[in-house]
Every structure is written in structure tokens, then in C-alpha cells.
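Structures incoming, each one as C-alpha cells.
The following pair of complexes shares a single chain, chain A, combined with chain B in the former and chain C in the latter.
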Partner chain A sequence: MAKIFIYPTNSLILSDLVERFGHKPLAMMEKIREKITTVGIDSPPINITPEDPKLGLKYAAVEVPAGVRGRMSIVGPLIDEAEAAIIVLDSASAFGCMGCARTNELTKFLARQKDIPRLEVKYPRTEEEGKDFVYQIAEFLNSLPNEEDEE
Partner chain B sequence: MSNSDKVKIALVSCGSEYAGVQKELESAASSLNAELVYPEMDVSSLDTIGQEFGLEVASPDLRLMMARAKAVVEGVAKVDGVFVATCFRCAEAAIVRNEVRRYIFEDSGLPVISYSFTERTTAATLLTRMEALTTIAKSKHLLARENQEGLTAGIDSGSTTTKAVVMRDDEIIGEGWVPTIKVLESAEKALRQALDQAGVKREDLQAIGTTGYGRFLIGDHFNADLMQEEITVNSKGAVYLAKAQQGDATVIDIGGMDNKAISVQDGIPGMFTMGGVCAGASGRFLEMTSKRLGVDITELGDLAIKGMQKNVEMNSYCIVFGIQSLVNSLAKGATPEDVAAAACHSVVEQIFEQQLQEIEVKEPLILVGGSSLIAGVPKALKELLKIDVVVPPHAQDIGAVGAALLVSGFVDKE
Partner chain C sequence: MSGEDVDEITKIVVIDSESVLPSDAAMKIYESDVDITIKETCFGTMVTGPRDSVEKVVAEVRALDPNHVFVKQRGFPPGDERRCRASRGGGPRPGFHYLRTEVASLPIISRALDEYETYNPSEKEESPDKISPSKLKDIIESEL
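On to the complex of A and B.
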């Protein structure tokens, strides 16, 4: 089982696909869930406090907007943990919508900087492309070690 | 109080929940008995709203802002006012923020204010802005008042000075002005001065209104009938004194520690911006300059009128480094007149660069606040904007006058 970073980071379809092939998706939903269920923090709706953008400084400098750093404080650790990555390009909002384009640029860049297996596929627009899209992802996931110790 | 009594403010932002400021926004709203609401829209519209709005941006959250703005304008979301907020230092968001604000304001007539936040933004910073928004949304009748009636007093507890006026039947009959040291004592002293000059007793006053930073503290102390933030009060006071209560006007208020630029229609504030992050654009900069030049602040203006700002090289607007530039110029032989002119120009230029970009400057342009009395300041502003600058009589007292005027609405009810 490999830890797979997915982009868009909140894509339910992508996350489900990764799971079906026996790997662990590193998705934003999990992290948000952790945040929301953390007892003692009272900063609704997603419990991001002014401390989080400071944690984001590890990924983006102080001149980068607080919203980008706040998002990076969640996404950045996922990239750090990743053993492989799947990046879907130009996807529709319904496939997984990440709000901030600057965060998205930085997220993809950091995932590409890592020396890990990576698949980049275009979001399909036709049925034929859709089949090919799933096939490529399946092939990529099958090529990854099913046990620990990847790389 | 039931939910329906609350002022509904639509929050149109691009992810304030990720910047750690959401709680502060909620907290500022709830302290004013307002409620933040999130206009509903169709998710599929996110893919098309850019083209529809005419502004195609990469960030989906900015498209969400446009879609929510559309929901507000089309009346899908029933709200009383709109707060538009994006991250500080994001160029893409700044473009959308300004255009969305303009679109909502022009197409819905709802009061709208905007703000760019950092993770350090606190509820206290947001309070004055939200208070102005809720007042404009819910108390238009209060702001519609054009004449002062009865015997009332207004006290403006500012960061640097405390001003008080006593008004009777549309006339200022007493004025008080003291530096703010201990907030309550200074307010007492200012009011006493105004009462003495007016020749009336405190118990004769029919109503008292307070404004400025210390409005709540002094308001409780004097048992005031009205405690109101400076945006609405100062705009009202400015257009009243400038005799421009009908039609468009722009009010620039350069205070001791911050400044405001307010676009006013029929005496009611529309778009406005507040400074406050940099002392270089406030009266404090001028105070520091006059100290360095060894002249009283009241003499700085006349000095500046005689000087040429271009003879002094200013490398920074900063109150530390800007003053250093002035000192260096003196060392190189610049005259005190030139330095005074450069200081006035620096303050005005910074207000122009930081704040006047965000509101439409419509004539008459009314300059108020203590700094407007320094003659070099209106001169520099006139040169920069190439339009006439009106400094009304009692320009330093607009807050107190506005409070005395607005609170006279409470005299009627008695």
C-alpha cells in the first residue's frame, strides 16, 4: 500500500479510485475532518485559527497571502507524506474544486518537486477519454508496490 | 432578540475560513447583533460566471464571490448589507474585490464595504467597519436628519484629541478641544469647555452623542443617547458643515492616527476605506515633522504654503524613514518651508495611493480632521487631484458636530 497524494486534493472520485486499488489516498477531506473533530478549538467552520497560516510559512513566504498559507498548512504535510502522486489537470468543479489558484499552483509545483512516481492526466471530456482516464490511473496504481517500502 | 431582528450581512469572500479570520468576522458581526449569511448559488454557475461577469479569473473561490454577488444583486439572497473580503497581497483577489464591490453597490443599492485581511486581522479592527455597515443598513432614517434641533452636545473621543461641541437649533454655540490623555477626563474637560463657551449647564442638554475610539467608554459615562462609529458620524458632520447634504460628495478625514476616505450620497456613506496600518498617512507624521522643525503644529501649514515639495527627496512614506529623509534634506540645505511642504505632500500622496484608488472621488471633495487645518495639506491634495478641496468651518470638529446633529433625532422623540 502506497500513500498517494491526489490533485484536486478534495476529489472524492479520485480518492475512491485510489482506495479501490488498495492504496491510501492523501486527501484534504481527512485533514479537515481531523481539524473539525479536534476538541478545544473553537474557530468554525473548519477550525483554522490564525496559527495555521503561520504553519503554512514552511511552504510559502510571509508575503504570500494568509489564505494561501492557511491552505498550505493542510495540503503541505500531505505532500510531505506522499509516496506517489496523481495530478488531474483542468478538471471540472464538480470533480474536485480547490478555491485558490495560487495555492493550486504551489501545490502542483511542490508535488512535482518531490522525487516520487507521478501521474499527470487531463480531465476527460468524452466517454472514450473517460475510459482511458480510468485505465491510466489504474495502470499507475497497479505499478506501485502494494506493501510498504516504496521508492 | 429573534433572528429576524438581526441585520443580515452577506459575507462575500474567497476563503476567509482558510486564513484564520473567520471567527473574528463572526465575532465582530455578532457583537453588533448582525449575522453573517452566505448567499446561495448554483455550483454549476462557477464554470460560467467568469464569462458572464466579464472577469475570467483562475481561482474558483473568486468565481464563487462573483456568483454570490449576483445572488445578492438579483435578490435571491435577502440581505441588508454586504461585506466583501479577500486576502491582503493577492492581486487577483484585489481586482475581483473591487469589481464585485462596485457591482453590488451600483446594481443593488445595498451598503457594501470591503476589506483585505491577514491572519492578524482581529474583530476589533473589523468592528468600526461592520458597525458602519449595520448602521447604514438599518438606521437610514437617523442619517436622513439634515438639521440639528434642540440643545444637544456631541463628543468625539479621538486617538489624539477629544473634541466637544454644544449646538442649539442648528448652530454651534460652544466648542471644546483637548489632547486625549485620560479618555474620560479629557472628554469631561472638552465638554466643560464647550458648555462654558455656550453658557449652558450640562443638565440643560437634551441629548448627548458620542463618537470616536472612546465612544463606548465616554458614552456610558455621560449616559449618551447615541454612541456611533466615526464613518457615519464624520460623513454626516462633514457634509453638514460643508453644506453639501444633497447629492454626491467625497469626505477625506485625516485624523491623528488614521484616516478615512468616504464616498457620500445624500449624506449617507457609500463606499469607504479606512487607513490605520501606517502612521505615515496620518496627522502624527505632520506632528513629528513640526517637532523636528522646531515649530508648533499650527505653524506648519503656513510654512508649507511657502515651500516647494520638489526640493526635498523623500524615499519613504514611513514615519521613521520618511522623517529621516526630511532630516537628511535639512542637512543638505533644504529650507524648513520645503520640508514642511514635502511632509504635507507625503501624507496626501500616501492617502491617494492607498485609499483613493478604492473609492470614486466625486466633487465636492471635503477635507476634514485636524490635519485639514494645516494649510499645506489641502494645497497638496488639490495639486495632486487637480480638483478643488473644500475645508469647511470647524473642520476639526466634524465628529462632534455629526454626533450633536444625529443625536438631535432623539430630542424629537421625547
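On to the complex of A and C.
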């Protein structure tokens, strides 16, 4: 079971496909869950600890807006942990939680810099593209090692 | 939340099926004998509870129609004050728009999963590229 970084990091479709084909998606939701259930965060809903901006500095310089660093403090460790990555381009829905364009660029850049198997596909717009999208992702996931956890 | 270290997770189950309704999924979950909380929503169900129980129940629901039931984890539990619109004065909760956009393209993905085994990539049809603004401008002007 490989750990797959997905972009967009909160995607239902990608998260589901990765799990469906027997791997572990590294998605934003798990990190958010860890954050909001950690005892000791003083002031929800801010959910930022003094450690977060420092963590973000590992991925983005100090002059980069705090929002990017804050987001990278969550996304960056996911990329570090990844054993493979699936990046979906042209997502019409890169807004809302995924709405920071600079973070998105940096996320994709860091995922591309890492020496791991990577698949880049475009978001499907038609049924034909949908078939190809699922086929490419499935073949990519099937090509990754799928042994059970040794722990 | 209890004071014990229970690994509680929430999963969103989205149903895009002609044969399974969100209410069927909810009934299936109610039938299970595990200790979980569920919330029915317009697109499916949210299941909260200990990780093992949630994963067991979600697997059962997925088995109802594997290619048409989609699952993802959610960070916040249902009804969390920081996200629930009841306590935020209405409006869609953060994250809803993204989910709604993806739910709209689930029929494409479901059909692709149905046909995954028989799909032959060599028969792939090239989709037309997006039209360039200059070409679009030419078309508009030519019709005037």
C-alpha cells in the first residue's frame, strides 16, 4: 500500500479512486482532523499554533504571505510523506478550500520536484475523457507496489 | 468527545446510483450493530465514529453499488460549530462548493469505472482543445 499524494488535496474523486485501488490517499482532510481534535489548541476556529508558521517556513520564504505559509504547514508534510503523486490539472473547482492559487502552484512545484512516481492528468469534461481519466489513474495505481503493511 | 484516546473519524459517503438511494444507504447503516453516528444529507450520508467501525460500515455501503458510491474522509465531524451552518447564520458550509462541483462530475466517473475493464485506450478520441480567445474573437466578429 503506497501513500499517494493527491492534488487537489481535498478531492472526493481522487481520494476515492486511490482507496478503491488499494492505496492510501494523503489528503488534506486527515490533517485537518488531526488539527481540530488535538487537545491544547486554545482558540478554535483559528486552529493555528505557534509551531505552524515555523513549519510553513520550511516550504515558503518568510516574505511569502502568511496564508501560503499556513497552508503549506499542512500540505508540505503530506508531500514529504508521499511515495507517489497524482496531480489533476485544469480543475475548475480550485476555489473554496483550494482557493489559494499561489499555494496551489507551490504545491504542484514541490510535488514535481520530489523524485517519486507522478501522474498528471486533466480534469475530465466529457464522458470519453472520463474513461481515459479513470483508466490512467487505475493503471498508475496498479503499477505501484501494493504489498500489505509490514508493521 | 470522550476523554479517552479514541480514533474517531468522519467519512462522507456520496451516492450517485440509479439503484441505491441515499436513504437505502442510511438504512443499511442503521442496520449495522456498530457504535456510530450518521447524518443524512442531500448527496449521501456522513458517518462518524471509531475508525474501524466507520470503515466497516462504509465498506458495506460501498458494496451496495461499488462503482456508484464514493467515499472521502472529512476533517470536521457533522454539526461541528465551526462548520455547521446552523451556528454560522446559514449559507453553504466551507467546502460545500467543492464537493458539489465534484458530485456533478461523478456520473462521468461512475460510467468510466463501469467500463474500466473493457476500455481500450487506443480507441481514445482526442477531445478538442479549448478555443483561443483570438479565434473566439474572430468568430464573433465574422458573424456580425
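Operating definition for what follows: the second predicted complex is superposed on the first by the 139 of 151 C-alpha atoms of A that agree within 3 Å, B and C clash if a C-alpha of one lies under 4 Å from a C-alpha of the other, contacts with A are read in each partner's own complex, and residues count from 1 in each chain.
The definition used in the following text is that a contact is a pair of C-beta atoms (placed from the backbone, for glycine too) under 8 Å apart; a residue touches a chain by one contact, two chains touch by 3 or more.
On a predicted model such as this, the values are computed, not experimentally measured, just so you know.
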Looking only at chain A, is it chain B or chain C that touches more of its residues? C
Of the partners chain B and chain C, which touch A:68 in the superposed model: first, second, both, neither? first
Should A:12 be classified as contacting the first partner (chain B), the second (chain C), both, or neither? second
Which partner does A:92 contact after superposing on A: first (chain B), second (chain C), both, neither? both
Contacts of A:113 with chain B and chain C, given as first, second, both or neither: neither
Please work out whether A:138 is in contact with chain B alone, chain C alone, both, or neither, and reply first, second, both or neither. second
So, A:38: does it touch chain B (first), chain C (second), both, or neither? neither
Thinking of the overlay built on chain A, is A:102 touched by chain B (first), by chain C (second), by both, or by neither? first
Footprint overlap on chain A, where chain B in one structure and chain C in the other make contact: 44-45, 92-93, 97-98
Which chain B residues qualify as touching chain A in the complex? 14-23, 26, 43-44, 46-47, 57-62, 64, 86-90, 92-93, 117-120
Residues on chain C engaged by chain A in the complex (per definition of touch): 1, 8-10, 12, 14, 70-76, 80, 82, 94-99, 101-103, 105-106, 108-109, 111-113, 115-116, 119, 121, 124-125, 127
What residues on chain A touch chain B, complex-wise? 42-46, 48-54, 63-71, 92-94, 97-102, 104
Residue ranges of chain A in contact with chain C within the complex: 8, 10-13, 15-17, 19, 27-33, 35-37, 44-45, 92-93, 95-98, 123-135, 138
